[in-house]
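What follows is chain A paired twice: with chain B in the first complex and chain C in the second.
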Partner chain A sequence: MSAVSRNADGVSVPRVGFCRALLYHIQWDFWKEYLDGLGAEIVLSPPTSKEMLSDGLKLAVDDTCLPVKAFYGHAQWLTTEAVDFMLVPRLVSLEKHTYICPKFMGLPDMIRTAVAGPPPVIDPKIDIRQSALRQRASLMNAASDMGFSPRSAREAIQQAGSPYRRKMRTMSSRVKPALKCGHSSSKQSAMKMAVLGHPYLLADDVTSAGLMWALADMDVKPVTLESVDDEILQEYLQDLPKKVFWSEGGRLLAAARHFSRRDDIDGIIQVNAFGCGSDSLLGEEAQRRVRQEGSCPILSVSLDEHSGEAGLLTRLEAFCDMVKRKKQ
Partner chain B sequence: MKITFPRLGTVHVGLKSVLEDLGHEVVVPPRITEETVNLGAKHAPETACFPLKINLGSFLEVFREHPDVDMIVMAGGVGPCRFGYYFRTEQDILTDLGYGHVNWVVMEPPRGNLRQSLDSLGALNDGCSTWQVAAALRLGWRKLVAMDDILKTVHRVRAHETQRGAASRIFRAAVTQMENADSLQEVDQIARQTLRRLQNICREDDGDTVRVAIVGEIYVSMEPGANLHIEEALGYLGAEIHRTIMVTDWAKENILLDFLRWDSRGKDHKEAAKPYLNHFVGGEGQASVGSTVLLADAVDGVVHLMPFTCMPEIVAQSVMPQVSKDYDVPVLTLVFDEHTGRAGVLTRLEAFVDLLRRRRRKKGQRSIG
Partner chain C sequence: MEYYLGIDVGSVSTNLVLMSEDEEVRQDVYLRTAGQPLRAVQQGLLEIAQQQDDDLQISGVGTTGSGREIAGVFVGADVIKNEITAHAIGAIKLIPDVRTVLEIGGQDSKIIILNDGVVVDFAMNTVCAAGTGSFLDRQASRLGVDIEDFGRLALQTDNSVRIAGRCAVFAESDMIHKQQIGHSNPAIVKGCCDALVRNYLNNVGKGKDIRPPIVFQGGVACNEGMIAAFEEELGCEVFVPEYNKVMGAIGSALLAKEDMQHEPRPTSFRGFGLHSMDYNTDNFECEDCPNRCEILEIYIDGDLAARWGGRCDRWDRTDTVSVEEKAVGADN
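Now for the complex of A and B:
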């Protein structure tokens, strides 16, 4: 019953659904090139809405972290779109000797169980530990499971390049322009704050309860870890007493230290996802290290599905006021 | 050096023996109680894993009585779940609380870095010959194996004991005896005696016994103080227990022979999990699912234990409904943290065992009719 779409030659092409959540915010560029290369018709879920999040809450087990709950909502949305397949990659590792997070490793299975009558879930595995050959085979198999020929699969893989690259999209297109032209009236007084949190949280206006927006409204220029050279982060990471085995968590920890040493940063806002395993330990360590570094003010907020925008706003305002006073 | 280490099930019986034979003074942390839990919860990050909180509370209890303890031995890890990071977090907190003098010997899995593992072993060996070390390890290991055997029997007979609490009493006595045993012969003798005593306290199986498998996260499965003593509670409700992971299984897989990729439970449970969870997700996650599949026919129900926000077990819990449905086996997931009340857990266990018993009788009738 799926709406069959056809390419220029009139050949029908599969509609492939992809969730605009979690790994989308880390790796979409790669997957888009892969799917384009295959010639698939891509159906991307829209930015998270309140309804999608509440769907996700119903489907996920209670204690799941907020971003994964949102992901469930996206998957649910895709089931209503007559897609032929849902592509939910299994991200294991993008960097030597590290993992992303156990939940990324089990995500396709979780979605298969939870989402009612889904289209088949296709789950190519991205894991830097496996040989290049196996990595390639995993992407080839995924393509063949979706009915693409080996030839188009080879081309698509060629075109998409390294499956380990990441490009984080930390701000939604809605927030970006607001930040750029800085709709602030008094440019001089603007403060610069480092905002640290998982990219899929910060980039999502609903799960982050509009945090980026709120900051823009307060004349605060948010800076995220994407603006920091990877080498600098790696250098900090080498310096730690134990290697952090979560690549993304480690970067956040390193960024906290980095920003606390920078003169142009007025404060650090740490955004934790409730129920996040790595945040629960590394968040605390980051705060500790920032305090050890000296006087950079740090605010830690934990976001869950109940965090109302109002409460968050009050805390942000109080923090920004405090930082402003300190600055003057 | 005065050494302590995390308390977990019967681990202390073997570890104390090994460390003492290597010439160290050892302080075994007191039994995990509500107070331990509260103390840990007070000082640990709010959303840290429950086992980390207990572990921290337990160390604090040790330091309260023995401020001169100057070494902590514990296991490390290389992800993907939080376990490997425990010592970093605990070290920071204990340093803040004034215990910065402590040396930490962390047994990282050899897979991470063989040299590091050998170094940490070296740090514990102060002048003993290889032969002495081997003998110490052998004795400690034999104790752990014996305790596992005893515990497995306890899991079974408690459902049939004529006098409530008898099995637990015998078990506790065995722990004490075993701690003090100093030869392999003595260990074997205590084991034989204990097993015999356990056989003598049961009445005959009245055919109404339900069998329950316990799967889940290591710490809350193995440490009664962490799971509100649910094994005892299940036994008193007349349920025989089959716990899928015992101390020696865990030690084999995670510490001793990790570099041989020795999986003492075989690859079966991983294979069995695959249709539902097709990848390793850290900790016991995949094993919880696989064991449920494998045991579905052998037991009447499965109790799945996990700490609040546990990463691997949340993945397991998410796919469990499908396993339960496909294999027609009831699964009860219990989540533990410092706020979990015993009364609530007991009520749920009672209802669950009732359900299993009804199902069992029904099945029995069907097979007769």
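Now for the complex of A and C:
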């Protein structure tokens, strides 16, 4: 099945594939430490390319969002890399009393049924609603399924820490390369705008249709929810009439309310994945609340495989013009 | 007298406006794009050159519309701006206290909400072009009616037939069905206008704060049936400006003037001589990095005039050579 890899001691180690999509953008730090701790050889798929996306579109079920479709393309890519296992964690809940999008729960099963001849899919369950013991057992079982000893599994879990800590990364680091090579290198960013969308959508240049690059070209400094303290977000979630049970969607709603009250933010750009359940409900709620709470301009764009880049650019440009003229 | 040129290259029509320094429209040209945006721009330049004096002085050029980039590099535009901003600026010029702009063009429709002469909100149709000019065009030719008379037909009756306007394909099936069961053409056309207005207000206009004064512009604003349907649905007068078909071009000329006065510089306009020059475009994929940018090139009379489309400036070359300079170069 595979070209056998060996570690420094000449012992063969399994090649484990991981998709650079969806949960990669939320918890990769944890899974990398876990796999490193086990001593596996990691095969990470490259950043989404147009070919990978079109592969994914052919394989995926119709009614998923674009990032999920891209995930299929990544899994397909891994099948050509002679990996022994594909690690597709089953994310259920990352915060107490909440769930993550159900597509994350079904991901391992979706990949098993759709991708041609996949290597065995290993699907440890990440669910903070379960006891610590059961969470640990899930990671132990996954290690054992890949042929690692209980001892190395214990060490790996120790090393990786908790899967529930969030990867704190601000969008500015992602935009830097754009500024370096783009057209606006010398100018100071004229406007600061909050860009709100799932990290797996925004951080992927292909699924986000180059939105971050386009903004850099338009002299906009994007700010994302990763730059906001969790405590602040929690505060905005508390005074809602009903508890939001989608953790990620709730964070976006809270961030929209937070940014709309900040004086240094010139506008809010809401980026939705077409077909995303939580976006369609909470995105709408966020828009209404922002409009109610004040005069912060908000633009909502929806992305799917049919979005033309031209239409997106026109809207972004018109929105930036609108904000700029208003300021003058 | 100095003049400014505004060019709006849309999916269906290409419009040019020659505007004087004191913001009066000296000439407007409305042409069908017919799939060849640069050909249409050339034709427009020719029509202006034929009607105006030879020593016409152009101080700035603006382009807008979906073909704004290519038209901009072709003519050597000073300002290249999106059609939402251009349409808003055009509307404010003609009706300074406008609060709502309804704009329906060949393949897109938009709504712009203004307050004190500043855009505060807007929306544009997304993947669906139901209810735009090309749909009306198609229905007119299917019924064997000139598009110019199509809207007037709707005014001949008080009876409207209920047409499903959610999707252009289904609307057409519905219209055919209503014909087959014996409804008159005027009633069907009126039903069609009502359906399109409903669709527009529920999609593009969803959640928007629509207040008078309302301006209706774009090619579809020539359709009396649509104007009547909007007035009925919104319950107030809908104002169609004199230059409704070329509002984008007017806005674009105004933007060019504003920018040239803000930052005075010589225009990069290549000159009216462009109308008779040969051009061709080419494209290739840059393989220098994984971005794989699609690079476009335009050649005017065999010489590379501009290259664009990359994320970095590796291939950029937008230095414009005026027609006169080129002519001098050719003589030598």
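Here, the second predicted complex is superposed on the first by the 305 of 328 C-alpha atoms of A that agree within 3 Å, B and C clash if a C-alpha of one lies under 4 Å from a C-alpha of the other, contacts with A are read in each partner's own complex, and residues count from 1 in each chain.
Note that in this section contacts are C-beta pairs under 8 Å (C-beta built on N, C-alpha and C of every residue); 3 or more make two chains touch, one makes a residue touch a chain.
Predicted model only: the values in this text are computed from it and were never measured.
Student: Please determine, from the superposition on chain A, whether chain B and chain C clash or fit.
Tutor: Taken together on chain A, chain C would fit alongside chain B, as the superposition shows.
Student: Once the structures are superposed on A, label A:Trp213 by its partner contacts, choosing first (chain B), second (chain C), both or neither.
Tutor: Touch partner of A:Trp213: chain C, not chain B.
Student: Now for A:Val43: first (chain B), second (chain C), both, or neither, which partner does it touch?
Tutor: Neither chain B nor chain C is touched by A:Val43.
Student: Applying the document's definition of touching, compare chain B and chain C: which contacts more of chain A?
Tutor: B
Student: Based on the superposed arrangement, let me know which partner A:Gly311 touches: chain B (first), chain C (second), both, or neither?
Tutor: A:Gly311 sits against chain C, while chain B stays out of touch.
Student: Return first, second, both or neither, reflecting whether A:Ala75 touches chain B, chain C, both chains, or no partner chain.
Tutor: neither
Student: Taking the superposition on A as described, I'd like to know which of chain B and chain C A:Lys103 touches: first, second, both or neither.
Tutor: A:Lys103 sits against chain B, while chain C stays out of touch.
Student: Let me test your reading of the model: by the given contact rule, A:Pro241 touches which partner, first (chain B), second (chain C), both or neither?
Tutor: In the superposed model, A:Pro241 contacts chain B only, not chain C.
Student: Superposed on chain A, how close does chain B come to chain C by Cα atoms? Whole Å, please.
Tutor: Checking C-alpha atoms only, chain B sits 6 Å from chain C at its nearest point.
Student: Output the chain A positions appearing in both contact lists, the one against chain B and the one against chain C.
Tutor: 302
Student: For a test of understanding, state which residues of chain C touch chain A in their complex under the given definition.
Tutor: Chain C reaches chain A through residues 66, 81-85, 118-122, 124, 126-127, 207, 290, 292, 311-313.
Student: Residue numbers of chain A touching chain B in their complex, please.
Tutor: 60-61, 63-65, 90, 92, 97-103, 105-106, 108-110, 112-114, 123, 125, 241-246, 272, 274-285, 288, 302
Student: Okay, in this complex, where on chain B does chain A touch?
Tutor: So the residues of chain B touching chain A come out as 45-49, 52, 76-82, 84-85, 87-89, 92, 276-283, 285, 308-312, 314-315, 317-319, 321-322, 335.
Student: Can you name the residues of chain A that touch chain C in the complex?
Tutor: 47, 49-50, 178, 181-183, 210, 213, 287, 297, 302, 306-307, 310-311, 313-315, 317-319, 321-322, 325-326
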